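Structures for review follow.
In the two complexes that follow, chain A is the common piece, with chain B as its partner first and chain C second.
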Partner chain A sequence: MKGYRKYFTKKIVWFLITLFVAMVLNFVLPRLMPSDPVAAITGKMAGQTTDTAAVQEIYSRFEEEFGTNKPMIVQFLIFLRNLFKGDLGTSFSQYPRKVSDIISSSIGWTLALQIPAIIVGWIIGNVLGAVAAYKKKGWDKIVMPVTMFISNIPAFGSAVILLYLFAVKWKVAPVAGGYAFDMIPNFSWAFVKSVIEHYQLPFWSIVLISIGGQAIGMRSMSIYELNADYVKYSRFLGIRDGKIVGYVFRNAMLPQVTGLAMSIGGSVSGALVAEIIFSYPGIGSTMYAAVTAADYPLISACTLIITIMVLIATLSLDIIYGFIDPRVKAAQFDA
Partner chain B sequence: MSNTLKNLLHSPKFMVGFILFIAILLTILIYPLFNPGNPLEMIGVGTFAKPGTYISLYDATSSQKETLKIANAEEKRIAAALSDEDRVKMLEWLSAYGVDVTEVDASNTDAILELWMANYNPDASIKGFTKSETRNFRLIQNRITELMSADTLIIYEEGAEDSKSKIVKTDYVNLNAIANVKTLPLGTDNFGRDVLKELVSAAGTSIIIGLIAGSVATVIGLTLGLLAGYLGGNADEIIMFITTVFTVIPGFVLLILISYSLGQDQRGPTIVAIVIGCTSWTWTARSVRSQVISLRNRDHVNLSKLSGHSLGRIILTDILPYIASYVVMAFILQVSSGILSEAQLSLLGLGPKTTTTPTLGLMMNWAMLYSAHTNGSWWAYFPVILTIACISFSLNLMNTGMDQVFNPALRD
Partner chain C sequence: MKKISKLIALLLAAFMVCGLLAGCSGSGSADNATSTPTEASQATEESKTEETPAATEESKAEETPAATEESTPAETTGDVTDLPRNETLYFGGLQWGTVNAWNPIGANQNNFAIAGSPQGSRTVMFETLYMYDFLSGKLYPLLADGDYTWNDDMTELTFKIKEAAKWSDGTPVTAADVAKTFEASVAIGNGTGTTYGAYIDSIEADGLTGVIKLAKTEEGGPKNPLLAIDYLTGVYVAQAAWIDTMMARNNNDPVACLNDKAEDVPYSGPYGRLYDDDQKLVLVRNDNYWGQDASMWGSLPVPKYLAHAMYADNAATETAFKAGQIDVNQQFLPNIQNLWLKDGLPISTFYDEEPYGVCLTMPTAWYNMNIPVLKENPALRKAIAMAVDYPSIIANAMTNQSPSFEDVPRSLMNPTEGEQALYDHDAVKDLQWAGNDIEGAKALLDEAGIVDTDGDGYREWNGEKISLNACCPNGWSDWQAAMEIVAAAGENIGIEITTLYPEWSIYQTVFTMHDQTEYQIFMYSPSAASPSNPWMRCMMFMSSSFVGIDNNWSGNWGQYVNEEADEILNKIPTISDEAELKAAYTRLTEIYLTEVPSFSLMYRPAAFDAVNETVWTNFPSADDGRNITPYNCVSGYAIRALYELELVD
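This part shows the complex of A and B:
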């Protein structure tokens, strides 16, 4: 285990550095905004009030609440302190609800939807890609162009098409939401059934998005491996075809795990947009509502949460990779 | 070079992608010549007019009439007036009334009508129908009787005593004689704009956004990749640090933050394109760097170094030509992902703020805002999705084709 420790320490240090940069960006970028957000909120809150003293009062109250009257560095320290306390500020559009409250009610939906969908899509895509590489004729000629075209339909596009076909035309699935609109979340059978029904369309549309890219990547990797010398040598030795395919598959899988780590940021963005199409009560829809309502604390909280989710996913994949790639193991033990 | 071009021309994937892309470009360039004018002009007052040819009713009533006696005109008229829902409802009433309708198909207008005329009784009280449904049956009945009676429509000019003209059922006018005929192949959108015209213009803008974003991303990625790979040492460490950080932080998140921070007034299509480019350069930088590292210690580069050539010259003459094909491929992928990024950003409501040019993402955003996807107005969003898919399919096909030409191991 000693060899692993170095590898994991390195990965975790990277994780912390990236997390810090992400937090700095999340803090700085909105504050570079040319317009004064506090003035904008004051304008919205004050509404028809013409009393300048009252407007001034509202303005300084908000300045105090968001701390915009303090120097940048002090603001950043307060931001970090509040972040560690789990305090992400107060939402503008759902005032006086806390941002952390809104986020915690939607993050479960997003995690429960996206993690299984991305994993299932990844598995199906890899199997299809490997089969396409192995059975070159026929499969490759028909399946690949079709997969390629499907993978080029944008995420929101396949979501809209699935929604139209299954929910509007054939009416076999609900149109929107995470559960029936007349229900209150509880653990009754009826509620779970409704959640499962609402789960299908968003789930399959995200699976569909991830299949194409993975299949194409896996196919090129497998073709590359099938032409490798060890495959030819194994054939000369008379090793069974099934066993060779097993080796090829395992070797081709490794870059695909890295590929998943690299592409997870991209697939998450597509999946978030798919959530909006289905009005699924996750982070994507929350962010959409926040953008529409110009709710700036909520937007930065959403972007921060998405970044942290992607960072954690990448870190976990890196750790898994350390266990499954013998080369990483060897390198660590040599050192 | 010429050999590479010849190989490309023989790659079916590349050629299909290339021809598709050129066809899209030509459509964007040529279509406005046939249908000039502002693509955002609101020609319809209502929302989501269906695709089809619209003829001026006013012109039709005053055009030269011909009498044509066509056998099944009456049937067609009634069939067109009865929607699918009406037919199902009529069959429901009939079966509730006690008529055997198991043999009757909903598309068979004659059979339904015959049974209906024979059996319908507005005063019969049948259990199981709501009041509004009962009223709806009367309305259907009224519509049918109105259509069946040999009425003459009389048209009056407003305020005039005498009728202007009479229209009977056998009156026909020649389509060519009607002065105002407008074909809307894809109907109108929520603002009453011609969708096809808007789509062609939007595709053009989106491709330009993709090209700008792709160029920005490629320039940044190429510069950083070349410097990191060729200089090595500290420069490499610093650049790779930045690149790794930005690879892991999702570009989409940065894109949202920057677009939101810019504010609505600042977000023109060009600015959005540049922002997209600035958030998507990382993997170009990575792959250029690894290519340059493998070239760095080749003999011809060392020879140039010994001859005392400047850094710029070595990079331009000894390194760039070897990675050019790679950079072009990366550029193509960046263009296609730039178009997609714009669309996703616009769907979130953070797209280009413009009232003068449509983009594919904005069209999609408008269609979703006015729930075209739930009210069945497929023409407002489906062509947009298809266009995005076709553009990125053609670009990716070109890329795969080039990949196979430059990487012989991938050839079939």
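This part shows the complex of A and C:
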């Protein structure tokens, strides 16, 4: 038990150190951009005024409100203080909306789209990779290359192709949005059906591009495992193929599980391409717009959430590995 | 494995449910979908007002059960789940993100329903005193009753409010509302306060009559009567009682007042808020709208709902427009004529031939006078401008959705007939250029002594090679194409010009700084149209009052100074004699075309306006004889179109 405690403590300490460093970077990096978002708000407020003194007054007021006239370290301390109070600040680009309001309205859509898509892509990819490695022949020579080809079409291109074929040409899928353009959200079957219909193209655009990477990884691992001594020995013992494939699959899966956890951790960053091409709501396009508008508070909040999700995924993996993989456990305990 | 499969299935199902929940609730907020006690009481008040004698004929019909259900928007909207296509007019290109607020005197509006501008305010929810028609330059009364009047020395403008005008809560609109709106705007420092605070002393109210008292010069004359007229078309009237409530709940703190979301705000326009989230904004018609009175429109607008879905970008908007999911689209579509000529879609524009829309503004390349070679050499400035291939810009960047500079010779005026009549064309004829004049430009440079002395193909000034950059924001594709053509023009006359396309967030920071030298030839558009134009645009092109100021969004970004131009610009707002005004604008144009502190690259609509007539028809067109402004059916006098729309089927 002592070994476990030491192992977990070490991991959590590193988690906290990484989190702090990431928070500093999340805060500082956007502010190094050579742009002044306060000037943008001032411009929108001032309109076409010819009274230049009044414009300066507006600028000073917003500088004060956002604290951009204070030294960076003071701004950071204010950011930390507000963060502990759950206040992520006010957005520059969507002023006067609160950052927390913007994120809460988009993150649900992103998670609901990304996580099932990542899991489905992961399952299909892994099954395909394992089958290709084991069956070879047509699977390895036709199905795998075709999947690889589809997966390697740039995400932007494949999404546009899906949109053109299914929405524009064949008109079997909607062109944009998270639900029908002529509906107002409500708890009815028609609305549920509409959400599911709008879900299809963005979902499959993510699944299609994630299959290839998973399949090739799984295929390599499976081929390696299939040539391992324990497989040959099992065959000598006359153990049936299905049982052997089960062993192989489990051993080859370990690195793939890491990949899955990391993907889920990073899912909060959003499916930018899918969100833009299909005008699907989510945090990806929110973050993209924030970056182009130099919206520091929104960028910092988005990257902070992504950082935390990835760190939690990594920490969880470390902890789970500590239990399930004796090799990891032994290495950590020895260290 | 079976357990894992079950777990995964459960997870997937859970996330799908999350998606549905996000869809059903999200950040969406229906004004009336969930009835709060306040809303309920408001609804009751609205019902009561219908019993007053002032109620129109329509209120009589409300005695039937069906009509009673429709008697207040609050009761109606709670049940709305679908927007019947034949009752809904869909817009595109006017709302690009979740609505920030509903505050007509707030800050940083991004709301489709709230866009106050002298050029043509969107009056679907909040209303202005007058509506501007940029086709004729006329002002049409909206909340105002008849024409406004000036006193003898043009220091006071008197207007009257229509007796029929009412707020959505049934109370009458009065001049006190106009006065309070101005007073509060100055107090909290919103856009209205900033723009007009220095030029309007006060607005005084007496019942339905209001007097705008202009700030005076030292000589006792009005500071700027043109801006007072801009005020009439560009500033919404908010309800005085609501302003008091809003300011009180924010302890009169200006920032808090600017940030107030104003979800309880009463409005005087024909539509109110029904639903909005991060994908959609829907307004619903107020069937008790005062404007159905004979003193205004005499009827309700035809569409029951106005809706705007939020698309990620231009491409998504275009796809939806072609699919008939958008009826009115404010978006630049290259080669728009192909939509009806080649694709056979029921899409049309105001003009059925080039330039398809009414061009009001002139995207312009500004010379940076902080760069000595540009400041000291008007010949260099003119030579570059003369060498630019404008027909290519208009044909390629604008796909001919702009008149050419041969059709509308360059000046300080936009292409509308009204503005073109404001200067003497013959007097400046010799100073104008239509572009692509490489030999003329070279001769001008040679004459000015700007020549290539070291034989490298590029000209020098004071012994140094002239090397400039041409900039505009990244992703503004038509502007980028124009800048490439400017760079090519430089190459043709021996001036090195390279292009630079920073992101907008950086671009806007730099070009609004008075001492910047990073951008040497850079693009931005001056004012398009309004009662104060072309004076406002001339100020933007030439007034030195904007020189030396940081965060300058007002104009003259190139820091050009000309004392004679300043004198004329200061005088114009008080000139009432037409001949004198024409002489003043002609002289300004002469100075501008001689000195070339900037040069326009194309003409462009203030707003693009294409319509898909799959569901609705009878949109304004140039030859229909109705003279309705082609401004997306919602801005300025364009809103009249909503009262004349017809269903295709």
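Throughout what follows, the second predicted complex is superposed on the first by the 247 of 335 C-alpha atoms of A that agree within 3 Å, B and C clash if a C-alpha of one lies under 4 Å from a C-alpha of the other, contacts with A are read in each partner's own complex, and residues count from 1 in each chain.
The criterion applied here is as follows: contacts are C-beta pairs under 8 Å (C-beta built on N, C-alpha and C of every residue); 3 or more make two chains touch, one makes a residue touch a chain.
Values in this document were obtained by computation on a predicted structure and should not be read as measured data.
Student: In the overlaid three-chain picture, which partner chain does A:Ser100 touch, first (chain B) or second (chain C), both, or neither?
Tutor: A:Ser100: touches no partner chain.
Student: Identify the partner contact of A:Thr314: answer first if only chain B is touched, second if only chain C is, both if each is, neither if none is.
Tutor: After superposing on A, A:Thr314 lies in contact with chain B but is clear of chain C.
Student: Once the shared chain is lined up, is A:Gln214 touching chain B (first), chain C (second), both, or neither of them?
Tutor: Touch status of A:Gln214: no partner.
Student: Between chain C and chain B, which one touches more residues of chain A when both complexes sit on the common chain A?
Tutor: Result: the larger residue contact count on chain A belongs to C.
Student: After the superposition on A, what does A:Thr292 contact: first (chain B), second (chain C), both or neither?
Tutor: After superposition on chain A, A:Thr292 lies in contact with both partners, chain B and chain C.
Student: Could you tell me if A:Gly266 is touching chain B, chain C, both of them or neither one (first, second, both, neither)?
Tutor: It touches chain B, and chain C stays clear.
Student: Once chain A of both complexes is superposed, is A:Pro281 in touch with chain B (first), chain C (second), both, or neither?
Tutor: A:Pro281 sits against chain C, while chain B stays out of touch.
Student: Just chain B (first), just chain C (second), both, or neither: which does A:Ser205 touch?
Tutor: neither
Student: Please work out whether A:Gly177 is in contact with chain B alone, chain C alone, both, or neither, and reply first, second, both or neither.
Tutor: Only chain C is touched by A:Gly177; chain B is not.
Student: Which partner does A:Ile306 contact after superposing on A: first (chain B), second (chain C), both, neither?
Tutor: Once the two structures are laid over each other on A, A:Ile306 reaches chain B alone.
Student: Would you tell me the residues on chain A in contact with chain B in one complex that are also in contact with chain C in the other?
Tutor: 33-35, 163, 167-168, 175-176, 276-277, 292
Student: If we count contacts the way the header does, which residues on chain B are in touch with chain A in the complex?
Tutor: Residue list for chain B touching chain A: 244-245, 247-254, 256-258, 260-263, 266, 283, 336, 340, 343-344, 347-350, 364, 368, 373-374, 376, 378, 381-382, 385, 388-389, 392-393, 396-397, 400, 403, 409-410, 412.
Student: Where on chain A does chain B make contact in their complex?
Tutor: So the residues of chain A touching chain B come out as 14, 17-18, 21-22, 25-26, 29-35, 136, 140, 148-149, 152-157, 160-161, 163-164, 167-168, 175-176, 216, 220, 223-224, 227, 262, 265-266, 268-270, 272-273, 276-277, 287-288, 291-292, 296, 299-300, 303, 306-307, 310-311, 314.
Student: What does chain C use to touch chain A in their complex?
Tutor: Touching chain A: residues 8, 11-12, 15-16, 18-28, 30, 33, 80-85, 88, 90, 97-98, 100-101, 106-108, 110, 117, 189-191, 193-195, 197-199, 227, 254-255, 258-259, 261, 274-275, 277-280, 282, 307, 309-313, 315-316, 319-320, 322-323, 325, 503-506, 508-510, 512, 527, 536, 539-540, 543, 545-546, 549-555 of chain C.
Student: Which chain A residues qualify as touching chain C in the complex?
Tutor: 33-37, 39-59, 61, 65, 90, 94-97, 101-102, 104-106, 108-109, 111-113, 115-116, 119-120, 123, 163, 167-168, 175-179, 181-188, 190-192, 195-196, 199, 275-281, 285, 289, 292-294
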